[in-house]
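Chain IDs A, B, C, D and E follow the sequence of writing; residue 1 opens each chain.
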């Protein structure tokens, strides 16, 4: 019988790592707290940079779960060290004794209501990037009548010390530009603004997407962090920012505002970290043995990481890291005579 | 790092108010002064952050540091926990210390301000006092204000104030020993010295401008050139 | 009427959402690349006229987009059309032709015939 | 038979008479128009040149060489040259001989315009004329020459590559009518003269025809048909001529003396320009010459099409073509009629600028710039604005000057005032003039006697427009070549293979081809480019083009690099900051500035070599 | 507007406010322009609610206005504040309540500075000792007077004679609340309801029957700007900021404005007058303008005090239309009476804004 490995978190990182571990001859036990596998990817409609449908990435993974024991709607009750093994107790009463645990706990979208000045949860026409994906996925038109002007606010909960997230969430810039393009494709008459601090178009084809947004779609980019959103008597929004390149305050009446919520450490990650006695960074993400040299390995025997549990990442980066983590686990388990 | 910047960095308001600005513009976006003056707090912070002594000295002599209304609305929004308003306050303090304030029209307003406020505090214990708040200088006080001023004793008494009286209550006469304490604090902590600097530098500047001190003070109080304002749409 | 000695002052806030900008639309029609500008400032940094004046093509483009041509056009009059901005533009914008087109779109009709010095 | 000889008239001459009358009338009118449109000063200049003996001599020589012999075409391609000169010169000779015969034998008929042309029809072979068998021979000989030319022309029509042309001009309908009627004239003449050869006599071409078709031809009605056809072909050709490219035949006769008189292009389609437009033979040499031709879509922007659009008054297309051009001048330097293609485009741009709405320039800020006091012992070095993007140039120039011990001062250390050529090229003559004035003031007041320039663009305008008094403007290629020749620079030869790119403004613009090559020969081994000197290919970076987009410049640059690297040089050397910057992006081998190349090969320690 | 969203935020910004025993300090502006409001504050706390609020005649300004006008250095203002704290300490109190928002903000900031830079606190202690031979303890609790009224808003509502309701229609009055900038913008956690959606005044309005309206420029400063008002040459700034707020609130048709800042009610009131005089425009739809109140004035009205004892006659914008709406009885003939019923000459009527 093959050796068990516990994988905590059934998003792309967890699923991909489980498949790789299975291919390497192990029996992964994949734990997911939500009712379905897939994480945030399951919610998303299309992916940057080329607009591939998210399910075309996820579905093949979900159809290839043979040999993987997975439990949804399940959380971790406790993890204890026993000699060179970990005893993992699950909320469904089961428990597993394994030598290696992979933490692929992912991220939570930044809670937009924490940026009080943007009025999410107070002003009806303020929505999040995830909600916009829901709309795209449902193929539904915006729920408000007469959307003529829409804005995308970059860096919501990213690069923001007051919101407790100092880090750049890496993917929101290109997501905003992707969503802006999609919006223009569906509603060419709508004026679309993007409020950004820096456009971090770091990946291949990202800059092309930006150029397309400018040239083909006429998306208007305003360099300035949105300072305040308020609501007019008819429910429309006033967005205030500085047009920093112009050097003057800017006030735009909007029919809808999309907040590009960044990646925050997933709820419960720090609790898991406590259970296995590994450090959590100042930013709330897990800390690998070496952020450059060993990004999938925890500074503790038998604990491994994959995906956004160690910081914001794109899907391809996550999948790559999942494979790397599986290999790291394999090597760890095959190396004899550990202390 | 230059000497002027070093001196500025001693100010606790710089320590509190300037960590590392990312020029995102949230401060300017909601700044009341940025809307009604030719003013941009972000630019000022950028200059201070540059630690360029020449540029900072330019600032100290310019009008722009005097546009801020110190409402500190900027503090709420900064994602880097900076406080542009506090940076401005530190710049203004240094401008006074170095005597740079007389080089700008708005800076020269220090003289009437200093006179009004320091005298009020030392004479009455408060920054504002009805007997020195005159309709002639404050026409917006309105017809009701004019009326209040004309019937000061009656009005304040009816409203329950103890104008000029002994004991607790609004507008009471502050005991002399308390006013003396304020004076001692002024002498010890630099307020008196500030008054001296402002008066001396203003006298020099008035002479340079060919004005008497009274004319200089009146001009500072009343005159505003259009260069401070944004162009009409 | 009381002389208060002060009055309402104009606001600097840019209001661009409902402002018609037909001149910029015309410019965009002639120069589709104008929206490709990413305000990197390379043009300003290399500008021959910028060596002696405040000239900044980046700011000109942005101001026109914002419908604030009045404040910015005098700056453009300093341009010597040397074309260095075109060489350094990372987005490959034909800046010289853009500048000429701005003149055509925003220039005043009565300035067609140039006054000889 | 007798009748036709006695009457000296037959109705078939009418088409020809009509044609020749029309074309002469038209040409006289056109001449009148051109002369009227000239500015008074230009007209005076032109008139003066027509009575100056040396000019007359030159005019005659040019007319003979250019119009009849097409010497330039011979130089370019022998087949093409033969084709053109055979037709032009042959035809000319046939006309001349026709007239000689008329003068010799029937001088009283000379006043009839058609008589010398249809001489053989009105002539009976007699004793007297038999003496002219020499002329018969000559006539047939030139006819043969012409027919060989026509044959080549027909072949060229379908296989242009045999005459060295990749692309030829797309002809208009009238051009085609003119072309086919021209082709038809000489075979028809051959047949027509063949018919009458029995009576009028003939030579080796016409007699055999008469002989072969003896029976068929003896019928008088057939004779007239053939002569009718010949006359009709002539008449048609002459009638359509003013509306076809063949207008260049009469127009060039005017253009050559006008050009020799040194008239400038002042207008987009009037006066001298009009003469030029008429003179365009639509040969299409400019199509292949144009560096933009690497992209097929640009073919329609060649000079020949600009001329055509200007003639048709197609403003839209004319403007597009005028604004797109790189102004490299290659088409002009290859043009058979020396069409001032850049001049006309510039005139167009200038005229257009005046029509446009505009923002008047405000260069008042330049007033604050004070001249430097340099003194005459120092060289004043103007790096030019473009050099700030290629600092290697100004640095190298200074290093060379230091190595040669030349005292110098930098004119534009604190920022350059543009030389004005970019403005000029954009059609803003008056604004350019302001910059020229300012720079001139700075240069002249500096006290320097030598102005050293490293930018080819600046150099050209300094030479052409500045009129600096007491200051010699010298390009660094010339100056450094002088220093080398004077032994003031000691260089080592790296024996690397170098190819030198002639910058448009330096080569074609100012005629400097040899100085850089001589200097570079001292530091490396020069290999030729495929096309160089007058035919060098623009780098594509030119400030001359107003509308060419960045994406469309790349193929030009790549084409130019391909031309330069035909002989696999190890390095490309150029002498213009713009070329340097432009090539640098795409070149497969290092691109060096001329001065940089010298610096790289400076003999650093003279003692070592001794 | 999703009300629950705001409630959620309010629930996160609740402030611990002790029940009793307060050391009270007055405000330069409020005692000069709204002395009756300060009186009403003490009246409500002491008489109506039976709380212990102590005031010493020796206390003075905190120096905030002078400090924010750069008329005195930071060290001076800190030492004056230290003296105020010393008075509190000497009087045996540890809960400090101030009437002024600028003071409240400044005290908060100074205490924060002292916490971050203990050497600064030491220096100020030394200054105070040298200048006055006094010593101080830092207050255990710092509150603004409006925090206390907020805390006891329901107790006040229980004693209310009138409610913020249109008596004729039964509809709640539409109330604009304006919070002083220095209340919570610098330290959101120090204000009831935080910086973005402060609840301190909204809570009072809700308790007393009114409806709070939220308009786009709600968060904007009234434009006092210290030197920007104190120097006549700068007042265009102050005026323009208030103008901006009124333009923004106008479509919401507010019945009244309630404020917790010393300067704001004065400016929101007087600038309406100036705008009317300069441009002819009045807000509120009836030619009178929108009346502006301090929270104590509103509390006093609700509790049934005579409007003229609350000082409403010193407002330039007439309050009578609102009193009528609320059904508060008043004697027009008493409005401009002085001491002991002495009838004073009525103020002149402004040109463009109606007055009663």
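In this text, contacts are C-beta pairs under 8 Å (C-beta built on N, C-alpha and C of every residue); 3 or more make two chains touch, one makes a residue touch a chain.
These numbers come from a predicted model, not from an experiment.
Student: Remove chain C hypothetically, without shifting anything else, and describe the chain groups still held together by touching.
Tutor: Ignoring chain C, the remaining chains break into A, B, E | D.
Student: Fewest touch steps from chain C to chain E?
Tutor: 1
Student: From the centre of chain B, which other chain's Cα mean sits the farthest off?
Tutor: Measuring from the centre of chain B, the most distant chain centre belongs to D.
Student: Between which chains do we find the greatest number of C-beta pairs in contact?
Tutor: B-E
Student: As a test of understanding: of all chains, whose mean C-alpha position lies farthest from that of chain C?
Tutor: With centres defined by C-alpha atoms, farthest from chain C sits E.
Student: Pick the chain whose C-alpha centre of mass, unweighted, sits closest to the average of all protein C-alpha coordinates shown.
Tutor: The most central chain, going by mean C-alpha position, is C.
Student: Quick one: chain A and chain B, Cα centre-to-centre, how many Å?
Tutor: Centre separation, chain A to chain B: 48 Å.
Student: Approximately how many whole Å separate the CA-defined centres of chain A and chain D?
Tutor: Each chain reduced to its C-alpha mean, chain A and chain D end up 66 Å apart.
Student: Using Cα averages as centroids, what's the distance between chain B and chain C in whole Å?
Tutor: Going by mean C-alpha positions, chain B sits 37 Å from chain C.
Student: Using CA atom averages as chain centres, what separation in Å is found between chain A and chain E?
Tutor: About 45 Å, centre to centre.
Student: Note the residues in chain B that touch 2 or more other chains, in rising order.
Tutor: 30, 34-37, 76, 140, 222, 224, 229
Student: Give me the residues of chain E that touch two or more other chains.
Tutor: Where chain E meets two or more other chains at a single residue, that happens at 195-196, 219, 232-237, 239-240, 244, 274.
Student: So which stretches of chain A touch two or more other chains?
Tutor: Each of 117, 223, 228, 243, 248-250 in chain A touches at least two other chains.
Student: Show me, using the given definition of touch, all chain pairs that touch one another.
Tutor: Going through each pair of chains, those in contact are A-B, A-C, A-E, B-C, B-E, C-D, C-E.
Student: Within their complex, state which residues of chain C touch chain E.
Tutor: Residue list for chain C touching chain E: 1-2, 4-9, 11.
Student: Under the definition above, what is the set of chain E residues touching chain C in their complex?
Tutor: 232-237, 239-240, 243-244, 274-275, 277-279, 351
Student: Help me check something: in the complex, which residues belonging to chain C touch chain D?
Tutor: That would be residues 33, 46, 48-49, 51-53, 73-74, 76-84, 86-89, 92-94, 96-97, 100, 102-109, 111-117 of chain C.
Student: Which part of chain A faces chain B closely enough to touch in the complex?
Tutor: Those residues of chain A that touch chain B are 117, 155, 159-163, 197, 223-228, 240-244, 247-250.
Student: Show which residues of chain E lie in contact with chain A when the two form their complex.
Tutor: Contacts found on chain E: 1-2, 4-6, 8-9, 194-197, 214-219, 251-252.
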